[in-house]
Structure formats: structure tokens, C-alpha cells
């Protein structure tokens, strides 16, 4: 049991940090530009596929640097040639643009790389068990992922607190309308922020690809959860996104580890009742409902605390 | 989205003179629905027509949210699917208990299913509009779709629940076994629903929905609670989506969790938006086009979804009013009789644009086939000319078409814009354009 | 007779910053009351407080004797108070006719009706036509509001505000940005349309204020420093010192 | 896979009718775009190869066999649209395999279609949808299944496990849908009957195709002390499960249904689990049967893939035999001829199309995946891994049979 708890906690934090790498970019973009980037998870996927391809050509370590930069460049191009022109049609049009983009990116990726999972391997230098808890090996690569996530998290904090662009972004988080009055460099700041946000997503993809799965549906799998994270944490709140990411990461992991169901707590129902929604609910295990828990959480938050955990604005 | 020309306000303009042509349009539509299967009588066309009809109702119901009230939903299929499930359960119940309920009533049951769910979740969901609503709808959609796989006794797991539409009491000797009878049932409901949804836009609630879409803040200062207005719109949309779901259940005689999923929600968004949300008839055009493409493109190319995405992005970026928006833009010019001055520039622009489009298609297919398979699958037959995906000449042609088409098209479309400005100025002078 | 609007000891602060401090204001029934004050004095905030756009931190606001502080804007509107906005705030994609008609619907009792044809409601039609006529926009009835000229939009703004027939009308700088001729027209319009109703107006143009108002309140730093007839205000030394002195051309 | 890109071609869709005078068309309804496309394309290649094989020997009763690819995107509704299109085009035979939800929808479709449109009967040849209910409570006269349903495979597997005393603690992990559920319930039931001493130390259902990291599950398996895992997982859920197991250093034997599916062999090779992963199937490449191995060799050379579906061979060859027996390609007559038809299956041994439920009963093979000791006797590796399937046990038809509850309604 203790083994399960340690491993699950580690895995939960790891997944949570990955979610945060993604949701931080999404939150900053949303706060500054009012755009909910539907294609954010697609940039994550692009990161994984670029990482895979570059790894085959030039090795993992250069890919780790290059792939996020490439994804960032794609993001900047999307901002410059797509979103900026759509801006005049309003936020809904911008949202729809990214929606269409997510669709197109998935198709292009599966067109080029196919539908089946890529053989994206963990680099040999990290392919060993880092330590053994009780009898389970914990792979070194996962520790590496954790370290990268933490480093990026710290770097992000420092950037936001110490640099000029960071201060502008900070201001934008609290007073979004102010950004509009920043003057002529707004366009560049937007492009940069969008690029950095995409690059972060790309980085998450490069490091998650070998450990999880690099496949053309990976964006669709993760995308909705990202939205849950940023709504749950409070729109526009970075600390909120951080807490929500970790929380959802841990919940998802622990739900899988648990076996409980109503039947196991209260005993099985009288079999004479026959199949009904009640028996379905009675017998379902927590592990089975793990993937829908985030959405349950979302609905609950919206009912009881519409601005999210740490959010201040309602929309 | 923000097409400056207004929504269905045209009908108010000349109430006496317009009445005749107004009823005329509905009459023509009804006649067309009746005659269509007599002209195209193959089973394949009947199936296509039936699906298009259902998708028209679904897209129109979606537009109550997006076009009329400004609510962008990513989970509209929830109401559609639940309507379908309720309809299937009802049909099975009717068959097993011998209730005197004939099949044509079943879509109404589906509608009630959609309405019930919308009523249940709508109040919480419609608290906010905009991005927040979009995200909540996405979350609820995921939640319901995933739950449907857990509640097996209701949703039948992934194989779904089947039914037999002929087992219900027959009326007028119609068994509803043959697809033709089902088509007429669907056509009937398309007419009823379209009229009802159009009428809804002409009611005080419908007008206030538009006001909420344009400016929810101001609505509060003319006595209305935008939340209540959105809630009403959400319920109506749910009701009509449920009808569409009920009809789908009748058509396929099965309801499964795919009805509720994100794909279905995405398709209806595509249909409504591509057709044009600013006009009542926009989603109808969109539903026809999208369903047609969905049925037809799959036979032609394996990457049909990519074309969907590209068409959608193109519409968002270059014609946010959709097809209906493009068409209606020409109306003042037609009235002012200045359209003729624009057409030549269109014709000039058509050629390079066509080249560009063909170039894009050729590039996509080349990549798709080059990467997908070797062997026989790599011959692309474009307008009768065979291209080999692995041949450098093909790549060269594609590049030339794309780059050349783009450069020339850009120039010619600038011409179109100039011709447009001139024509519009004339139209404005003649009082046909504000 | 109860006052049309009664603001008692209202405070409003954003965070730690007090914008309105101990605001007291009385507007009698049928009175034309102008609120003036330098930029940033809190005039618009006062409007927002009374109309329910924002909630007071403390204090009480009454409309025709009934407490309305804490109510939502539409609830206040239904009790007979209607306001306009300083920045034009119309339904841009709807026509002029539709704009005004929407504003008529609640007051004529049609509310959220989805069983009536809006084009077949004689009372609504007649009242809308009347108001369009009043604001001189009948010839522009089918133009989307977003395409009107600025002055036309301001007139439409007033039209929407008065359409419900509210007994208390609040206009926030109705003539801002207008030329002299347009201003004169607008003032005449306001005078005519608010006949027999209570009017509260925020205005920068002093000729408008002194020409239109029965009483004037002067707001400085979130506090009313003087309230009285135009003549009393002219003669008030506090006002001269705090406000008028700087404004005289 | 020769599809034309002519915009006008789409127009033909609305009025599309085709006559099937000469050729015998089989509508192949499976995913050719979307998530399942790679599997669907593989099946299509298989059937096209088999059609060519038949045509080379004069087709069926002189009719040329033609496979008509129809993309269903693994979606039941889409499948019904395609099925309707097929009927309208005068196609009388459908074949499908991917997804029990699609299978159930198609089975329902053919039943209704055939009762409503006498004279336009359609047969549904099922080569891979293994939901037992399709030949039990939902059974249809117009549906024939050549794959062993999941209960039969479990029967065969447990009959094998019965004789393996080293198995003491079994862990069940399956995808949370009807197939996964039937695997777990049958495993519990049959193991309980045949080896009551075996302990079921875990019984897990996980969300289908949604888990990206199986390490929490592996941690549970490890904690349970299991020596054997039984799983019906396929696709990414199988590959990722094994990946996580290898990462955590889990050493158990894996009994699987679909380890041989696309990507499976690659995943096993990556984890280095040499002959620890077992598969239950109706045929294997290295079966030792000469004719079958010849076919495998020829197929690999032509289609550039291994023969995933030996049952498809049985299906097509039996179709021909039935048509010749009935001396007609009329689906009603072919259906009657197929009932209780006996046939020598590809890898040897006799199979029978049981009349009671139209389930094909056949020998089942248990094989393990790993290094091949004798390349001369076992020449075939998988997915260029150098590893291949090694025959562990052949379960004869008699031991791979379960009773049916089907109450067949005959026309």
C-alpha cells in the first residue's frame, strides 16, 4: 500500500507538472489576448512529433532544444498570420480559428506520420531505473521529466517577476484592458507571448512523448483536460493553474490506484433488482471513472465557485 | 461573425408586399421536399436526403445558440444524443407495451428529452456567455459522453440500443420500413421544425436573444435578465436538437454513445458556421454542404477531415459570414443593378483561384499518398489528369500551382475588391446600401 | 411626496480606494437634476451605483421610496428607472427599429414571450414608431445601429433609454462629442422627451446644464459639496472654488 | 486503394446506382480514415489479396470477386450509411471486423433489411467482431462469424491453463467496454471451474484508449504478487501496458488476445519480454502447416504485411465452397449452404459453421512471441523485429467450443 502511495504521488506530481507546463502558456495567452487557444494541445502534439523526428535525425538532446523552438515559431506564425487578422471579427471567431487549426493539425500530423504510435524511445543515457521503491523500479527518465518541469516552472516565475516583458504580462493578467493601451509594441508582445506559450507546450510534448505515447490523437486526449485545469484554477490565474494542475494530476493518478466502488463499501445490491442505472453506479469502481473525474470537478466548481479556485474575474 | 448587415430583419421591411414572397419561399421548400425523392429515387439518394434533413434541423437548432444568442457551444450533441436515446427507449416501450403512439410522434419525445436535459443543466451553464460558456459546454459534453459508457443499462455500452421502427402502431398503412416513408417523416419534421424555429426568431424572446448576442450589458438596462434569455435559448436549442436526435434514432434504428460525442458537436458547429450564422437560412446551406461532403468526400480521399478543417479555417478568416454571408452581400448590388460591374473581375479572379485550390489539393494528396503507401495507391487523378505522387514533376506542378495561383490570385482579388467598392458606392447612392 | 431618487450615505470603494464617500442625493419627482463635477469626481460611478451596474459598499439607495441598492440592473429598470451610457451602447448588428423595439418589449408586458409574433403587436409597433419619430430616426429605421453616424447613435441611445416609458431617466453625458448644432437639437429633444418625468443628467457642457436643470448637484472627490437651483450653485463659493473657477473659459 | 480525385465524382454519390451483373461484390465496411485506418487498410489488403487468389482460379461460379472498400470511420452510424449504400448498389455481401459496436449495428441492419426487403437480402460475414452476444442473445440468421468469439477463446485459453501448474496467481486487466468485460467475467468463471486453486489477485477495468501512463496499474499488479496477467487489451492500450511493465521491471507471463495486432510485436520486442507474451488465435504464421506457410510467404511478398487474419482466408474460401454447394450466388441459398458446413481450416484441422448460432468453431492456437530458435522451421518474424510466434499449444475444436443461447429465427 505504501508503495502504491509513493509511486502514485510521484506519478501524480509528474503528470500535474506536465499539465502545468501546458496550462501556463494557455493561461497567459488567454489573459492577454482573450483567446482561448483550442490548438494549444496540438502544439504539445507537434512538440512530440518534432521531437521524435529530430531525435531520429540529430539525437535527443539537440531535439530537446530545437523542437520547442520550432513549435514556438509555428505558434508565432499562427498569431501573426491567423489570429491577428481574425481579431477584428471578435473572440468567438478567434476561438473558432484555433478550433479549426486543432482539427487541421491533427490531420496533417496523421497524414505525415500515420495513425499508429511512434517508436519514440527514451534516450539511452536516461534509460535506467533511478531508484527502487520497495520492489518497483522508478525510471530515471521520469525523474528527468520532473526536473525539467520544475526548472521551467522556476524560470517562468523568475521571468514573470524580474523582466520587463514579464511585468507587462503580469499587468495583463490583472488588468487585461490595460494591455490595449501599451502602445505600438502590443503586436510584438502578443506574438512573443503566443510563441513562448506554444514553445512551452512543445517542450512538454518533447519530454512527454517518449514516456507517454506519441500518436496523432494525443492532442484530442489531453485538450479538454487543459480547459478543465484553467477553469478550475481560475481563468487568468497562474497560481490557480499551478494548483489545479497538481490537483488534477494527483486525482487522476490516485483514482486509478484505488479499487473502491459503492458495492465494495456498502455491499452488493440485491441481485433481484436487475440491471438499472443504480446497479451501474453501484458497481463502477473509482478507477473506472478516473477519466471523468476532472469534468465532475469542473461542474462542481462552476456551481459552487464560478470564478475557479483562485480566479478573481468571472470571465 | 460581425457581419454588419442584420439578421432576419428583412422580413419586417415591407410587411404587406413581402408576405406573399415570404410564404412563397416556404411553399417552394415544402414542394421541393415532396418532389425531391421522385426525381432522385435511388436508395442512396434517399439516405443522403434523410441525413441532410436531420442535419438541417440540428444545425438550425445550433444556430439558436450561436447565431441568435451568441453562445458558442462545443457540446450541442449532448441534447441531440439524449433525445435520440429517449426516442429509442420510447419506441421500444411503445412496441412492448402496445401503447397507441405512432412513429411520427416519436421525434417529439426526442425533443422532450433534449429539452429536459437542457432545462436541467442550462441554468448553471448559461450563467456566463462567451469563452466560459464554450468551455463549460465542452466539459459537460465530455462528462455526458463518458458517463454514457458507464451507465450501460441506459445507454447500452458502446454497441448502443437498437429498436425497430416498424414495430410501432401503423397509421395510414405506413409501416415506415421503406426508407422513402422515413424520408417523408423526416421531411415533415424538417418543415415543422424550420417553421417553428423561424417563428421563434420573430417573437419577443427571439428578438431579445439577438439583443443579448449584440450587447448583454445593455439588455440589463432595458429590463431583461440576459441569463434568463440565454437559458430560454438553450432550452429551445436543446428541444430542437432532441428532435433531430429522435429522427436520427428513427433513421438508423439505433442510438449509441457516438451520438453524444465531440465529433457530432464539432460537425454541427462546422455546418452552422460554414453556412453562415448571421442568417436564418445559413445553417441550412451549411448542413447540406457539410453532410454532402461528409458522405461524398470519404469516397474520394482518405484525408477528408483535413479538407474540412481547411474549409473551416478559410471561412473563419476570409468570410466570417459563411456562405450565406457571401450570398447576402450581393443582394444590395442585385437590387441596385450594379452586380454586372463586379462579375468580370470575379471571372478574372476565378482562374488563378482555381489553380491555387487545385494546387493545394494536389499537394495534400501527394503528401498523403507519398507517406501512406507505396505501390498502386500513389496515382492521383486530378480533373482527369493522372499524377504520380512519387514523381518530381507532380511536386513541381503542385508548387507552381500553389505559388503561382497565390500570387496571381492576390492581385486579381484586389481587383475584385476595387470593383466591389465602386459597385457598392453606386448601390449606396441609389439607396440600397446603408 | 417621496423623492424619486434618494441616495443615503453611500460609500463605494474599489479595493482600498474610496471612490464615493458618504454620498447623499435627493431628486424630487418630476425634477430635472444635473450632476456636475470635475473629471474623476465619480459622476459615472454614481450613475452606475444608482442603476445597479455596481453595488454600493455601504449605504442605501431608494427609488420612489423603495430600496433598490443591491438589486440587479434589470430589476431596477423594471421598477421604473432607465439610463443611458456615456459610451454609445446600442445593439450594433440590429436595426434602429429593432433597437428601440427591444427596449419597448418589457414595458409593454411581452417579456420572454415566445408565442407571439413580434411584428403583430400593435402597441409595440405604434410605440416604437412614435419613439423613432421623436428621435428623428424614422428614415433610418432599417439601418443597422452600428452603421449610424455618431450623433445618430447618441440619439438612438436616448431613444432606447426612454422607450420603456420609465418614470426616472438618467442620461450620462448625452451631448458628449457633439457639435453645437447637434447639441442644441439634442437638448431640445431631451427637454421634450422627459416632459413630466424625472431626469438625472451628467453633463460637462455648462450651457446645457444651466439651461436644462431645475436643480444641480456638484460632485467633487466622491462627495456632493453643494446642491441647489442653478442660481444657488452659481453663487455658491465652495463650488466656485472647487470647480467653476477652473471651468470658466 | 485507387480512389479518384474528381470533384464531379462526388456528384455521382447522390444518384449512385451500379449494376452487379457480372462481378460478385463484397462490401468491405471498416475504417479507412480516422483512428482505426491502419488496421482497416490491413484488412482491406488481406481481402483484396484473397479476392485475387479466387479470381485467379476463375472466381466464384464464374463471377469475378470484387472487394468494394467502404469507409465507416469505426462509427456505427457511418457503417449503417455505408451498408445502405452497398444495398442500393446491389451488393449482397458485407464483411466487417473492427469494433463490436459496429458489428452489432450491422447485424441489426441486415436482419431488418432482409425482413423488409425480400429479394434484396444481404449477408454479413464477420471476420473480427468477437462480442459473444452477436451469436447469443442478438444472433441473426444473416450473420456468420469466422472469428472465435471471446468466450470461445477464453474456453481454449483456460483449457490450456488448466495444465500449467506454475500458474498460481492471475491478474486480469482489461479495457472498460463490452469485450473487456466479457473477458474478465469469463476468465473468472472458467478459471474458477477448471482451476479453483488459482487465485484471482486483481481484476482491473481501465478506460478504453484514454490511459497514457500505465505505471499506476503496473504498480498494482506488482503489489498483488501475480505471476500471470490475462488481458484483452489491444492497440495502444496493449503497447503502453507492456511499456510500463518493462519500465517497472515487472516479470510475469502475459496471456493476451491481441498481442499480434499492429504495433504489438514491436512493443513486445522493445520491452524484451522473450516468450513471456502469449496469444490466443485461430492461426499463426509458423504453424508448421505447409500450405498455410506457403500462403503466408506469398501474402507477405505481395501485401508487405503479415497475415493478420487467417480467418479471412477461411471466410473467403468457405464462401466459395458454399456458393458452389448451393450452385448459386443468391445470398439466401448461400446462407443455407453455410449452415453446418464443415471445412478444413487454413492451419489444419476441421472447423464447422455451427447451425445454431452461425459461429465458426475451429482449432485455437496458443503461441508465444520471442526469439525463433530454428529459422528453417519457423521462418516468419513480425514487424521486422527478428522475433516471431512460436507454437505453444493447439487446442482442438472440441476443446474450443462453448454452448450458445441463440434462438435462431429462420426465414
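For clarity, chains are labelled A, B, C and D in written order, and residue numbers in each chain start from 1.
FYI, a contact is a pair of C-beta atoms (placed from the backbone, for glycine too) under 8 Å apart; a residue touches a chain by one contact, two chains touch by 3 or more.
Since we're looking at a predicted model, the values are computed, not measured.
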If a chain touches chain B and chain D alike, it appears here: A
Pair joined by the larger number of C-beta contacts - A-B, A-D: A-B
Centre-most chain, if every chain is reduced to its averaged C-alpha atoms: B
Separation of mean Cα positions, chain C and chain A [Å, integer]: 48
Centroid distance [mean C-alpha coordinates] between chain D and chain C, Å: 75
Chain centre separation in whole Å, for chain B relative to chain A (CA means): 31
Euclidean distance of C-alpha centroids - chain A vs chain D, Å: 36
Residues of chain B engaged with two or more neighbouring chains: 2, 146, 303, 305
Junction residues of chain A - those touching two or more other chains: 114, 288, 291
Touching chain combinations (by label order): A-B, A-D, B-C, B-D
In the complex, chain A residues that touch chain B: 30, 34, 36, 82, 85-86, 88-93, 95-97, 99-101, 103-104, 106-108, 111-114, 220, 224, 227-228, 231, 235, 275-277, 279-281, 284, 288-289, 291-292, 295-296, 298-299, 302-303, 306, 314-315
Partner chain B, residues of chain C touching it in the complex: 51-52, 72-74, 77-78, 82-83, 85, 89-95, 97-98, 101-103, 105-107, 110-119, 121, 142-144, 146-147, 160-161, 163-164
Residues on chain D engaged by chain B in the complex (per definition of touch): 1-7, 9-11, 13-17, 32-34, 37, 41, 71, 73, 75-77, 80-81, 84-85, 87-89, 99-101, 103-105, 108, 112, 116, 131, 133, 176-178, 207-208, 304
Complex interface listing, chain D residues touching chain A: 34-38, 176, 204-207, 210-213, 215-220, 222-223, 236, 239-240, 247-249, 262-263, 266, 270
Of chain A, residues touching chain D in the complex: 1, 3-4, 7-8, 11, 15, 114-117, 119, 121, 129, 135-137, 139, 211-213, 215, 217-218, 221, 253, 256-257, 285, 287-288, 290-291
